[in-house]
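I am attaching a structure below and will ask some questions about it afterwards.
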Amino acid sequence: MKMLKTILKQFFHEPVTTLFPEEPPRNYAGTRGHLVFDPSKCTSCTMCMKRCPSQAIIVDRAAKTWIIDRFRCVMCGNCVDVCKFDSLSMEREYSKSAAAAERGVEKFDITYVKPEKPKKEGGE
Amino acid sequence: MNVLLSIIVAIAFVLIAPLLGGLFMGCDRVLTARMQSRVGPPILQPFYDVAKLWHKEKAFNNPVETIFTTAYLVLMVLSGVMFTTGGNILLMVFALALAHTFLILAAYAANAPFSHIGAERELISVMITEPVLILIAAGFYMVSGSFQVIDLFIVDGSGIILLPGIFVALCFVILLRLRKSPYDISTSEHAHQELVKGVTTSFSGRNLAKVEIAHWFELVILVSLAILFFTHLLVFSAIMIIVCFTLLLIIDNVFPRVTWKMTMKSIWLITLFLGVLNLVLLGIFGVLL
Amino acid sequence: MTGKQTIIPFGPQHPVLPEPIHLDLVVEDERVISAIPSIGYVHRGLESLVDRREYQDFVYLAERICGICSFTHSSTFCQGIEGMMGIEVPPRATYLRTMWGEYSRIHSHLLWLGLFADSLGFESLFYNAWKIRESILNELEATTGGRVIQGVCKVGGVRRDVTPQFLSEMDDRLDGIEDEMKELTNVFLNDYTLKKRLVGKGVLSKEDAYILGAAGPTARGSGLDIDIRSTGYLAYGDVGFKPVVEKDGDGYARCAVRCKELFQSVEIIRRVMTDMPSGDVSVPVKGNPDGEYFSRSEQPRGEVVHYLKGNGTKYLTQFRVRTPTLTNVPALVSIIGGCELADVPQIVLTIDPCIGCMER
Amino acid sequence: MNMEINMINVPDVPNIGAKMKSGGYRLVVITCTPVSEGYVVTYSFDKDYKLQHYRISVQDGVKIPSIGPSYGGAFVYENEIHDLYGFTFEGMTLDFKGTFIKTSIPYPFKKKEQTAPTVTVVNKEAKE
Amino acid sequence: MYSPELIAILILLLVPVCAAILLAVCKPDIIRNILVGISSVIIIGTSLFLAWNAWLAPISVTIENAEWISTLLFIVELAISLVILGLSLKYRKVLPMILASVQLVLLIILEVYSAGRTHVSQTFVVNDLSLVMILIIGIIGTLICVYALGYMKDYHDHQTGVPNRKRYFFALMFLFLSAMFGIVLSNSLMWILCAWEITTLCSFLLIGYSKTPEAVTNSFRAVWMNIIGGIAFTLALIYLLYIPSPVNLLSVTGMLSYPGSPAGLTIPLALIALAGLTKAAQMPFSTWLTGAMVAPTPVSALLHSSTMVKAGVYILVLFAPLFAHTWVGVVLALIGAFTFLATSALAISQSNAKKVLAYSTIANLGLITACAGIGTPEAVTAAILLIIFHAVAKALLFLCVGAVEHKIGSKDIEDMDGLLVRLPLLATMMVIGICGMYLAPFGMLISKWAALEAFLTAPLGVVFVSILAFGSAFTIFFWTKWLGKLFMRMNKPPAEKVTLHFSEKLPVVVLGVLVIACCIGFPAIVSGVINPYLDTHYPFFIPGGMELFSFDNVAMIGLMGFIIVLLVLGALFGSKAGKTLPPYLSGCAVDREGRFLGSLGVYKEAKTSNYYLEEYCGEAKLLKPSWVISIILIIIMLGIGILGVMI
Amino acid sequence: MTSASKSPWILHYNASSCNGCDIEILAALTPVYDVERFGIINTGNPAHTDIFLVTGGVNEQNKVVLKNLYDQIPEPKVVVAVGICASSGGVFRDCYNISGGVDTIIPVDVYVPGCSVRPEALIEGIVKALGILEQKRAAMEERK
């Protein structure tokens, strides 16, 4: 019967529920929601690809594309840490779900134009 | 009661009882949610559930489930009809027991461990409630000299004055029969339990819908049985029903599930000490009144 | 008498088990005659990835050993690498790790209390516990960026700092949370019906707990004074840590240990917040690990051991995790026999099984 | 944490178990590690938060006596090593017969011919 | 010239004896089959004829110069006692020996004292109660004998260790029938006593049929308990000789028409009640009946469902008008009610089908005893209904269990899962039998209702009602779990087809039909048979006073029955479309035979078993306290009898 | 909206996930998110299920369990792969014991990304699944 007090108190108070689809989702400034790629800053150094623990990123130097599989990304932010060109950042919104037909990878064309002296990034 | 009137009452019961039962369940879920600081489902949720179940694919563990669950529903309706047409309480009690037997048989038929144990537990709960229901019938007989519901309205005074012990025992039975928290041993109405869904584990789709509807009927029957104790205090009985309903909700939310042994012990102790004692005293002093 | 036994496959999918584990239950009436566990439903083989991910990136894998104890796993792993490489972690980082570690202990214990209530059919108590847990998760998310998988530890320190102002806000909110937790644990510890269902169920004697290698609250509930935090790793040495120990060894004792640890954690967090040293939160890491190391720390569920072995490359050669749940399995097997079927979920849960941890 | 490792012979394992038990140690973990020649199995014991390690050096196919008689809970480690490395332990308190952890490949941690670490090649035919 | 009724009575008494002698002589199976068939037809025909005549008008027949019969019967009694004495000596059983000696002495005393008295003038009386019993013995008893033909063939095929003594077996069965007719037809208590002793002997010999040590022990237990009844009966007769009375108290009719206060009769009544309790295996004496289940099933069916135990309650119901409103009756009723409660609980803990049936039998006899002890017309109505419904349904169940035992090799309820698929006919009959035992709208439930109504107006009524309420709850438990087993889905495909002997099939089907017929015809039974009977014994009885038999309720019961019929039809002809799901096994891997992959990599069968509540209802737990309570009650009953206390 | 999408009952199975998504599914049931607003009940019994939530990358032992559970759910049913492990194998894709995503065993209708999944993402995924459930039900009615 020790629960009685809590029950009654909660009964006479507003529910704590966030009405999610009507209300916006809750998150914080530091929330790691999803990865954002800035194609204009990427030098195709492939660090992000190499250091991604779940290998969600594919950088194709030849085709100049940057591909991310949102359904493989673990949002750890390691790529953001290792990217030296500020091309990657984390946003706080979560990535959207997809029906079977809609599922795919996100592909970006790298629009980075090399400055005069291209930097060579050694993998290791 | 003449036949025509009986038929009209019966039809009305068949139509109204599930509505009342379903609404009650809906209110229960909404208010429970509020007690848990949640918003909860819409109040019509039980009806949505049943409608959905009705349209699911027909699937079963054993084809006889279909007929047994139908039997459960039909007999539940029948016992309700017996009751509302002023018929015999004892016969109604027997019809209820028969209905539950069919539910139990349906669960047995699947021959799957969880539904089997659910069936055993349901059987235990039938065993637990049966004495109380028979004692209720006996108590009414002692008050009105007949098992007929209709005769209760003829005698002077309400059952509650002469049979308070029996009434308390009935309240516990309602708690058990509604599969409410301390006593939801055979199924799990909300929180999870060791038996998955107990007696209803093997039912799906339409069969489950039938069990749900029958459950609504049962609820209405039990509540009307409680109202019978207030035949001359109908206004008071309305208040009592609301009080009991609230108490029921609170009890549901402030107790964990108990084991079947604890269920059996607690309810039978109450039956023996309140129910039987009540009848014995009535037997001794009834002559004086 | 032959043929009066019912054989139940309990799990892998079962509503009271959030994670798959299987028990062959043989019951008679409802008394459990024998229960043999079978595991391996969550075994992923995560340890095999150690030679394919750089040791610094492997932190993110280590914390995905388990979604509940993720922080402890990542910090234990970092601790192991740092120990092997002789890296001196800045004091602020150790304090932050301690703070997050204790926050995640509270979240884990609240989660467990909720699931425990659920297994006893106490729905509203389950909701209440998880409601409080949400405020803890909010704190974790606000400071680390992740709700259950924080991803905040890294070799050489932590990735994020917390501003002093936010720390003091957290401190204020902690009071409210503590009050709510008091109300919650009052139910667990004093409710008559709950006591009736817990006291004397699944008794593990002190000797058995020792021989069977029980760890964490399971051991402490049986009167064993085992808590790796006593060794004073991270900032625990500075906060004057004393383990919570209960004597009875039954379900109630294990529940009580966890309830009391909630408040102990709150105390530790308060101390850590007040004494938080200033400075950097990480040091740069150079070079590669070489050698062997046994890194131990106290998870919410007990002592976790990470065994790391490096060979001077950026890939470790060997990584083994011994989780508390694994060492508690023998204890579980010994206490489950002879109980009632209705008590099986509850007894399984009293060791707080974390199958994700156990099987990697 | 210190790493005092005492090398012992395979048949001594039960004796060590009994000795440590009478000494009031508890078994913390049994670890198996591939080394350049065969494997080593390390028994780690704890008393007053001090680890004490005993290590045996074994080759493939060697049968190791269980320390189950001293430490009833050791079967989890022994079964695990059996399932992952393929070693046989004799006299386990509860023998799962290779079903403790079921793996898609038998004995995944057993040494292959080459154990050189490699970075897996990222699959380039990811779904477009 | 003898009247047709007397001839019929003599046929009923003598044909079985003759058949018994012939069966004892003839060895070939075929002759035995023919003999049993012919005598069965004769017995059934005659009992129907006699019952019809008795229904038209109660029969009361007198045989002149019956003294020589009495002398003959006395010699038979002595012989029985000597046989029991001899066998006790042979097997060195002390208690039966002592009791048999006592019995022998008492019989001689009785004979010596009664020598000069006038003999009972009306030798045979057939009223509506004996009519019911004649039909039960005549039809069910002979059907069981027919069934035994096929059963015993299988029995000896299965039990190879048991010597084949089928001639002896069938002879005893028929002798037994004759004795039973003797009990229900005779008006003289002396004759009844003789028949009573014959049934004791027959049951003793039949229980020990297999001669295994267990059977021998149990048969001696049966015999010493029954001898206690015999001694009580003899003492009652001796005492009756001493009561001054204008009517001959050594006859049933004489006792019932005793003009003085019933207080004068309390001592013999208490003694007769004790005799009835032993024969009906009421509580302290229940073990003889449960022990008797080692005998071949027809014996169990014959002795313990429809006939022998019914002799006990028959005597009690016969004297029910005398029990009414006496404390002896009330205590007797308490013993019965207590037995009902205790054995219903005990039945829960049993998995052996025959033992369940045995305990359920004792429980129902307890209820009948309770009704008889209360002795009001309502109670007697309930008692007679119970006798009828119980006899039919229980005999059916025994026969089904026996047949099933030979087909599936076990009489354990746990082995009967999916019987409806494996043995459709037997299982259907079993379902009918079980439903008949406890479910609305079947017979036993109607009788229980009647009993409830009767109890409500009785002294200490509330106690009886409460006991009935709890006892019924137990009853529901053990029957339903059995019923559930039959309906289970089979995990394995059914085994090869099994065939049933015609001689087994016929009785089973006939009894199944009878169960349903009795339910449908219960209002007719009440108005046609029970009410006339009550009319003659209860001067102030108004037929139809019970609510149960009001038109509304009968109509409702009918409606319930109708719905059940519709459901059965629906089950047979309804659509079975739909997907069959495998049983839910927590998602475990399942092999082809439906076993799941358990721990240690072993495939196991997900076995389901019923609950037996051993902890609460086990024999070890309940028997001893029940004995103590019931023995105390019996002592109280005898004490009240001696004191002659009246209400 | 018809009854099917107003009363989706879910079954949750952890097919070798790290637990993170599982506790978030449970968190979605709790007062703060309270999915019962949509009539969702966590049944734990395949026979009652409409929406099957699977977490984790499916290991060797779970393949058959997953298949069994899926087969026991009566039509119409929707499978939601919760978390990146269930969607693609996630971080554990390379592990020897992981088959790599639920869709290697049973057809998946909705993928919900996240490691671990946020309750909001989960709710959104379920709402998406409701639409598919509705379509499937309509298709089933048509077939009759």
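Letters A, B, C, D, E and F mark the chains as written, and numbering starts fresh at 1 in each.
Everything below uses one rule, namely that a residue touches a chain if its C-beta (ideal position, glycine included) is under 8 Å from a C-beta of that chain, and two chains touch if they have at least 3 such contacts.
Since this is a predicted model, take the numbers as computed values, not measurements.
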Legend entry - Contact-graph distance - origin chain A, target chain E: 2
Inset, instruction - Please identify each chain that touches chain B as well as chain C. - result: A, E, F
Legend entry - Far-end chain from chain B, centres as C-alpha averages: D
Legend entry - Interface with the most contact pairs, given as the two chains involved: B-E
Inset, instruction - State, to the nearest whole Å, the distance from the C-alpha centre of chain A to the C-alpha centre of chain B. - result: 53
Inset, instruction - List the centre-to-centre spacing of chain A and chain D in whole Å, with centres computed as mean CA coordinates. - result: 39
Legend entry - Approximate Å spacing (C-alpha centroids) for the pair chain B, chain D: 58
Inset, instruction - Mark out which residues of chain F touch at least two other chains, giving numbers and ranges. - result: 13, 30-32, 34, 37, 42-47, 59-61, 65, 69, 74, 91, 94, 96-97, 115, 118
Inset, instruction - Please set out, as single numbers or ranges, the residues of chain E touching at least two other chains. - result: 579, 581-582, 584-588, 599-600, 606, 608, 610-611
Inset, instruction - For chain C, jot down the residues that touch at least 2 other chains. - result: 6-10, 12-16, 30, 36, 38, 40, 43, 45, 48, 52, 60-61, 64, 122, 124-128, 131, 134, 149, 191
Legend entry - Complex contact set, residues of chain A against chain B: 1-4, 7-8, 10-11, 13, 15-17, 19
Inset, instruction - Report the residues of chain F in contact with chain B in the complex, numbered from low to high. - result: 2-4, 6-7, 9, 30-31, 34, 36-39, 42-45, 47-48, 50, 74-76, 137, 140-141
Inset, instruction - Within their complex, state which residues of chain B touch chain E. - result: 57-64, 66-68, 70-71, 74-75, 78, 82, 87-88, 90-91, 94-95, 97-98, 101, 104-105, 107-117, 119-120, 123-124, 126-128, 130-132, 134-135, 137-138, 141-142, 146-148, 196, 201-202, 204, 272, 275-276, 279-280, 282-283
Legend entry - Complex contacts: residues of chain C adjacent to chain D: 36, 38-40, 43, 45, 47-48, 51-52, 83, 210-214, 226, 228, 230-231, 292-296, 303, 305, 307, 309, 313, 315, 317-318, 320, 322, 326-327, 329-331, 333-334, 359
Legend entry - In the complex, chain C residues that touch chain F: 12-16, 18-20, 40-46, 48-49, 52, 60-61, 64-68, 70, 111, 114-115, 126-127, 130-131, 133-134, 137, 147-149, 354-357
